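Two complexes are shown next, each including chain A; its partner changes from chain B in the first to chain C in the second.
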Partner chain A sequence: MDIQSCVEVRNEWDIVSARQLGRNMAKELGFGNVDQARITTAISELARNIYLYAGRGKICIEPIDQLGRKGLRIVALDNGPGIREIRKVMEDGYTTSGGLGAGLPGVKRLMDEFSIESTVDVGTEISATKWLR
Partner chain B sequence: MTAKDALTERYQDLLSVYLKAKTETTLYKGQQFSRKLLEQQISPEDLVSLHIQVMDELFPDMSEEMRDSFDFLLEAMIGYGFAYREHQSLRDKQQQLESEIEVAASMQQTLLLSDVPDFDELDIGVVSVPAKKMNGDYYNFVKSGSSLSVAVADIIGKGIPAALCMSMIKYAMDSLPEEQMKPHLLLENLNRVVEQNVHSNMFITMFHGVYEPESHKFFYAGAGHEPGFIYNAKEDRFHDLIAKGLVLGVSRTTTYHPYERVIEIGDMVILLSDGVTECRTSKGFIEREEIVSLIRKYMDLPAQQIVQNVFQELDRLQGFELRDDFTLIILKRMV
Partner chain C sequence: MQKIIRNEIIESKLYVVGVQEKLDNLIVQMINENQETLKNHWLKEVNLFKEKELAGYTTTLKLSEETDQQFFELLIKHINYHDISKDGTLDQFFDQVLHTGLPLKYLTQGLQVARRVILNLLVETESDKEKLAAVYREIDSWLDPILNRVIENSSQIWERTVSIQKTALLELSAPLIPVFKNISVMPLIGSIDTERAKLIMENLLNGVIKYRSEVVLIDITGVPVVDTMVAHHIIQAADAVRLLGSTCILVGIRPEIAQTIVSLGIDLSLFPTKSTLQKGMENALEITNQQLISNE
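Then we have the complex of A and B:
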């Protein structure tokens, strides 16, 4: 399956579009209401990070099917400043936006799989997957 | 039936009973149910989802607005779920840290453990209790030849940094040559080690003494350490055991003054850390005279029982909450 859809993130309204895209796909794939809410929240967080720290980037949502195991993957891409200390941002309590338990560690906990790659002055790519149970 | 199905069923039962009768009993059961939810790490949004599911079954004709409002509630609960999961992960981390500290503390205990030696002439009593898990006080006895040396040290600071520093002191002392057991020289040596190796915001106070049974003399020197006491049996009086000197680690060139004093039969040398004199009661800091009168109260007992009784009384006076590491040593000349 290769039906990736993306939303450009440049302003706060684009966060809503990204959420909508994710929710539609999550619903279609058969995720329950709690998981839908978790997936859209993860999208919100990732999109907000792009909007706040990179200025612009995109959120792509794709359905995945690995040997019959179905799921949904969120990919957040930007060409922003990159993250100097990934280990730090993945620590609980380290947040620049004052969120309660939110931020990247929060996203990681909401989803089943999480990976992050970032190069300073080049950009960041975060990918997070939720499997359908 | 999965755990989740069981929870759903239980919740449905409780809710339908409550909706029919609205009794306090059912509410109480609801409260107990929430404890079970927490035990099973059910997050807030899961509970809302459970509620929606049950309401759907109980009221298939629920109005669409009501149904939609639940979805909205679910979304609004997500933030609490975030916070809840962070709390769990921080709690796990805290437990991990605590068990690491536990291991470090027991390692420190083994490292710093100093056996109280058998020494024919002296009856020796020691109590050393950390305020937190790790002890920033240090005491050490070494028998060398016929004489006995005793050291008490206190790191200004508490907890892990103090404990790490203490371990260094122990090894520095162990590696000093034995002929340098003269207290003031030993302090000068240690002072150089501390000055070189310990961060300048950390200070160590220390008292070091050597008892020579041939001359019955007690040689001693101090580096800013809380003065102990000498009990003079002939006069039946306690005197301060003053040994002036700068705390360790301030300046590389500090020198220490040698003191000596003859110890007669029945006399006692009492060494302590400032955790003893800084015991705080509701009336404020305890006075040195109060410590003296506590020692006097028990002074006919063996040395170990004196220090233990004094510790117990001071501990009780402070409501069993030590504010600082507590070390008290008594040497009593018997023959």
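Then we have the complex of A and C:
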């Protein structure tokens, strides 16, 4: 099962469809209620970041299988302005948009694996994985 | 017959005045004379398109032969009029087709096929390039307004539907219900976006004043995802209610939502929270010094 599904994020409604896709895939893989909520919330945060900071981008969700270990990977891609201070955005309470500043550090805590790559003026790629226990 | 038409077209070129009109009439005449052939070609192409593109629709919706026949007859009729808005039957037909849920592409394809078959017929009988160009322009000037009209009508129908649904949705989105004296409830169901968040804040504050609520319960049982944005808006709303001197209680927090809120590191300790509306209501009665007394 290596089907990758992507949702373009251009407006607030796309965030909802990205979330729904994630929830359905998580359900299919056999994630429990709590993990489903974690995954959908993480997708919601990542999609909202794309909408708020990059304007447009996409969320890709794929089931993964590593030596029998199953999981779900979320990849958020955009060609936006990039993140200048990655260390800072990973701190709780740091925000440039007047929000709570809990988005990215929150996603890191909600998921099992987290990586972020960003180049100023080129774009950002964030990947987060949740393993099925 | 073909020869006569050709000669007449050549003749018409000689007259500067009324050339356009004459060309018009000639094309119309020709279309009328060859109606059957045109119709057969048209039906064939449209059916081909229907089989290929509308396979999903044909089973569920009636794409009957009758509709096709009617479509083509109306087209011919309106070409005769030189005016598409005459008597409004074409508009009515399009409305009818769109309202039965048939796709717009059926109509646009039908019109494009009509253009193609008419032009094919004229190309067969005419070889002079200049005249062909004139004929092309002529046919375009008849069919383009119809095409524009169809698209306009269809987008109007959609716009209307969307705006009606939007209003309906807004009416449902953030109701504040006074339940007991000084106690109101705002049940939230579905996703919360920025627009709705604004409405929640407005309704909450207006309602607090209007109903003189001392306690407002915000019920998020029906909110599927509580992310930082939703939490932020709820915190702001609760804070604003606090400024008015009332208390806001957040109820309907499901266990999985509680866990994600903790993982996100959101601080909701500024106001009381309860797992269910019932517990929240008990708390609210306590705050307002009220009691429910049973009659037994």
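As a convention for this text, the second predicted complex is superposed on the first by the 127 of 133 C-alpha atoms of A that agree within 3 Å, B and C clash if a C-alpha of one lies under 4 Å from a C-alpha of the other, contacts with A are read in each partner's own complex, and residues count from 1 in each chain.
Everything that follows uses one rule, which is that a contact is a pair of C-beta atoms (placed from the backbone, for glycine too) under 8 Å apart; a residue touches a chain by one contact, two chains touch by 3 or more.
From a predicted model like this one, the values you see are computed outputs, not experimental measurements.
Novice: Answer with first, second, both or neither: which of chain B and chain C does A:41 touch in the superposed model?
Specialist: both
Novice: What is the contact status of A:19 with respect to chain B (first) and chain C (second): first, second, both, or neither?
Specialist: second
Novice: In the overlay, work out which of chain B or chain C sits against more residues of chain A.
Specialist: C
Novice: A:66 in the overlay: touching chain B, chain C, both, or neither? Say first, second, both or neither.
Specialist: In the superposed model, A:66 contacts neither chain B nor chain C.
Novice: Common interface residues of chain A with chain B and chain C?
Specialist: In chain A, positions 33-34, 37-38, 40-41, 92, 99-100, 102, 105-106, 109-110 sit in both the chain B and chain C interfaces.
Novice: Flag every residue of chain A that touches chain C in the complex, lowest number first.
Specialist: Result: residues 12-13, 15-16, 19, 23, 33-34, 36-38, 40-41, 44-45, 48, 92, 99-100, 102-103, 105-106, 109-110 of chain A touch chain C.
Novice: For chain B, which residues count as touching chain A in their complex?
Specialist: 45-46, 49, 52, 71, 74-75, 78-79, 81-87, 89-90, 93
Novice: Note which residues of chain A are touching chain B in the complex, please.
Specialist: Residues 32-34, 37-38, 40-41, 92-93, 99-102, 105-106, 109-110 of chain A touch chain B in their complex.
Novice: Quick one: in the complex, what on chain C touches chain A?
Specialist: Answer in residue numbers: 191, 193-194, 224-229, 231-232, 235, 255-257, 259-260, 263-266.
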